[in-house]
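Down below is the structure, laid out as structure tokens.
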Amino acid sequence: MKTLNEYPAHVRQSVELTRRRVSELHAELPRWGLVVWTAGNVSERVVVDPDGDPSAADLFVIKPSGVSYDELSPEAMVVCDIKGNLVDGTRKPSSDTAAHAYVYEHMPEIGGVVHTHSSYACAWAARGEEIPCGLTMMADEFGGPVPVGPFAVIGDDSIGRGIVETLRDSRSPAVLMKNHGPFTVGRTGRSAVKAAVMVEEVARAMHLARELGEEQPIPQEKIDHLYNRYQNVYGQ
Amino acid sequence: MKTLNEYPAHVRQSVELTRRRVSELHAELPRWGLVVWTAGNVSERVVVDPDGDPSAADLFVIKPSGVSYDELSPEAMVVCDIKGNLVDGTRKPSSDTAAHAYVYEHMPEIGGVVHTHSSYACAWAARGEEIPCGLTMMADEFGGPVPVGPFAVIGDDSIGRGIVETLRDSRSPAVLMKNHGPFTVGRTGRSAVKAAVMVEEVARAMHLARELGEEQPIPQEKIDHLYNRYQNVYGQ
Amino acid sequence: MKTLNEYPAHVRQSVELTRRRVSELHAELPRWGLVVWTAGNVSERVVVDPDGDPSAADLFVIKPSGVSYDELSPEAMVVCDIKGNLVDGTRKPSSDTAAHAYVYEHMPEIGGVVHTHSSYACAWAARGEEIPCGLTMMADEFGGPVPVGPFAVIGDDSIGRGIVETLRDSRSPAVLMKNHGPFTVGRTGRSAVKAAVMVEEVARAMHLARELGEEQPIPQEKIDHLYNRYQNVYGQ
Amino acid sequence: MKTLNEYPAHVRQSVELTRRRVSELHAELPRWGLVVWTAGNVSERVVVDPDGDPSAADLFVIKPSGVSYDELSPEAMVVCDIKGNLVDGTRKPSSDTAAHAYVYEHMPEIGGVVHTHSSYACAWAARGEEIPCGLTMMADEFGGPVPVGPFAVIGDDSIGRGIVETLRDSRSPAVLMKNHGPFTVGRTGRSAVKAAVMVEEVARAMHLARELGEEQPIPQEKIDHLYNRYQNVYGQ
């Protein structure tokens, strides 16, 4: 296993930029009420050449385990390789590191992973129920329901496998791991964080809708239309 | 299509003031918990001569598409004409611009439009259910229930039409577009923002009331009395 | 009707201190999430000689109507006499001034009144249901259930009368006016604000308790014990 | 009863450090929305020699009664002995001091105690219902359901006894005292505060889960596995 000093200078530079971004992205989790205490984590793949193979360096940056959101800084972030081994950092990586690593290894198009215990998403996860697609903002971002992944506990690669197998069959960038909570993915750390914010938002709105009755169904072709437009036209 | 430089100086001055107001009004949306991430938008009509025809210039200012609430500034706001065409600005206008434009074109008395995905309002919208008028603050501001508009998707003028046709039959400055969320209008951008804050407030209180039973009905003549007083006497 | 300048100097001094306190107490309403936009109001009786008759001057200080919580200052507060007439101030008093005045006139032991539209309290008020006493913190502060007052609309003294008649039969410093919302009273403005914070807190906790079943009843003698201890021993 | 000046210098030094920590830990209660107004309290045992008997000095530091979270400072904290008698401080100790003292006297391994009236935990407490273990984060922190303690009122040692007797039969660091609210314990004040944050988090997520159905059960051996890993491996 190589240490960070054995990597070429341009990789080390990219690691520094990723450390800064991952540190800043963590601030979004308490900001949007997705985490309490030290729960939750964001990781981002180290991209060496944006025009080349995005997984060239096979490294990612992640939060250290059990550290307060007040103590986060670029230096506190830790660097792991795609097998989840610690490559650089003075602290132990997040206890969810193996799940993040599995996603990076098996989904080369993915550049960011986020895990939270946000309350409404956890409620659907505790029941093992997918979130139905009853709002246009959900069609935009998720392209349909938010699916449920299997029950899996820390200790082997079963969480990572559950995430990858569930997301492969879905347009959704979010999966609700049963009795656990949401994992989200994206092309970048920022888009994975956005999906984490949005999955709680739609989990909450659809929970509230269901409390007093049933949502009106949205025809599948409208969901497809909205999803395709949003993925291709929205934003700058 | 004219560029902003082709408009007379007094129009350009009014555009600058409107840009500042619209930028500041956007801060109210996250402040009152109505939006997450980049969702939601406020627009205001450019008023050229407050004593004359308020739609003289046929311009309005709106938020750019998919931009964070941290990056908003008067300069970032974009200017569109009443057909929704970009007149000035370095960014793409909000993807809801066509709906705002339609309202300005067909409701000349309206000077401000707001759209959010606030959670409780979205829950009523997902069920396609109007918010019943069970609180005096609702009679004050909405003069009755908050009505539901048709299901419509982005791509033509069907959202704008749905808003205008629903609001024309109602005293309410807010409409819940089915499976989508609230749109609110007002004489100014500020009053449309107030309606967006209030529609979530009453959506929440009436949701909570219904969770444990039925509200006591308010007699129609009391609703009329409260609405007329509030519209004519309240405030400075 | 006298203007403030016609009152003796020690009354004018007391008015200034009350203005400052009332202005500062308003900041507690948005802080604890009890109000949105310009809703809600706090008033406090002007106490001339704390050892003598607390209503000697028959004046109270209240929020101006429809003014934002960002614009509040001691100078913006307005002074009214016990009939609700404006005695000093550059703005129109709160549209709830008549209700506050009625309470000061008919409950001489009361030195502060607060009105909000806090969501959970409004939900019980919309159903016209008292909040049952299922938590020791409720026994402490309210000495039993929070009672419901009659439906009454602005325009005469019916809101004030409804508050006074309901509170006279109860140990509670809070009343839920039907289809309207909570009014609270206290020996000072600060204690009335505390009651406004606490009534929303217990309205919320008891709402959540009822959502999934029934609370365990607390025996009446325990409620009496807790209420008597808290009113006489708690605090400094 | 000794005054603080009669204790040796190293005890007085430890008291000062504990005062600072307890003052800072109180800021976490409003930060995570666990308390309103002056409710809630944190205490920590004064540890004289961390390698020796942690209860050597038999002192603990706690919040004064009925004081606002804005006025807390190391100096405002009060020092009590293990019988709950005031040893140092200019203010009356929290009205829950006797319960904290009882825990320190009967659970020598405990170094911190927290009490709040957080809303979702209070809702389960009002019904006298334990929080079922339906999420992995709950298995991690609580090792099973959060148990309910007996109904007990202030005045003798019945609250303290109820806490101790309930926690002795459970892996949970939190107990929901019936019709009252949560008490949590920990090896330090900080870990007791963490348990107070987490008990509200799981009370909320499981409340939401139950609102729309039943949670999927987690097999007992998985709960055991998660609890053992988290207690021994998580964090730095």
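In order of appearance the chains are A, B, C and D, and numbering begins at 1 in each one.
We take it that contacts are C-beta pairs under 8 Å (C-beta built on N, C-alpha and C of every residue); 3 or more make two chains touch, one makes a residue touch a chain.
No experiment lies behind these values; they were computed from the predicted model shown.
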item: Each chain counted as touching chain C and chain D at once; value: none
item: Label of the chain whose CA centroid is most distant from the centroid of chain B; value: D
item: Same-residue or different-residue interface between chain A and chain D, half as cut-off; value: different
item: Centroid spacing, where centroids are CA-atom means, of chain B and chain D in whole angstrom; value: 46
item: Centre distance in Å when chain A and chain B are each reduced to the mean of their C-alpha atoms; value: 33
item: Per-residue multi-chain contacts in chain C, two or more chains; value: 211
item: Chain-level touch network, classified as line, ring, star, complete or other; value: ring
item: Chain pairs in mutual contact under the definition given at the outset; value: A-B, A-D, B-C, C-D
item: Complex contacts: residues of chain C adjacent to chain B; value: 36-39, 64-67, 91-92, 95, 117, 119-120, 122-129, 151, 153-155, 178-181, 207, 210-211
item: Chain A partner contacts - residues on chain D that touch it in the complex; value: 32, 134-137, 194, 197-198, 201, 204-206, 208-209, 211-216, 218, 222, 225-226, 229, 233-236
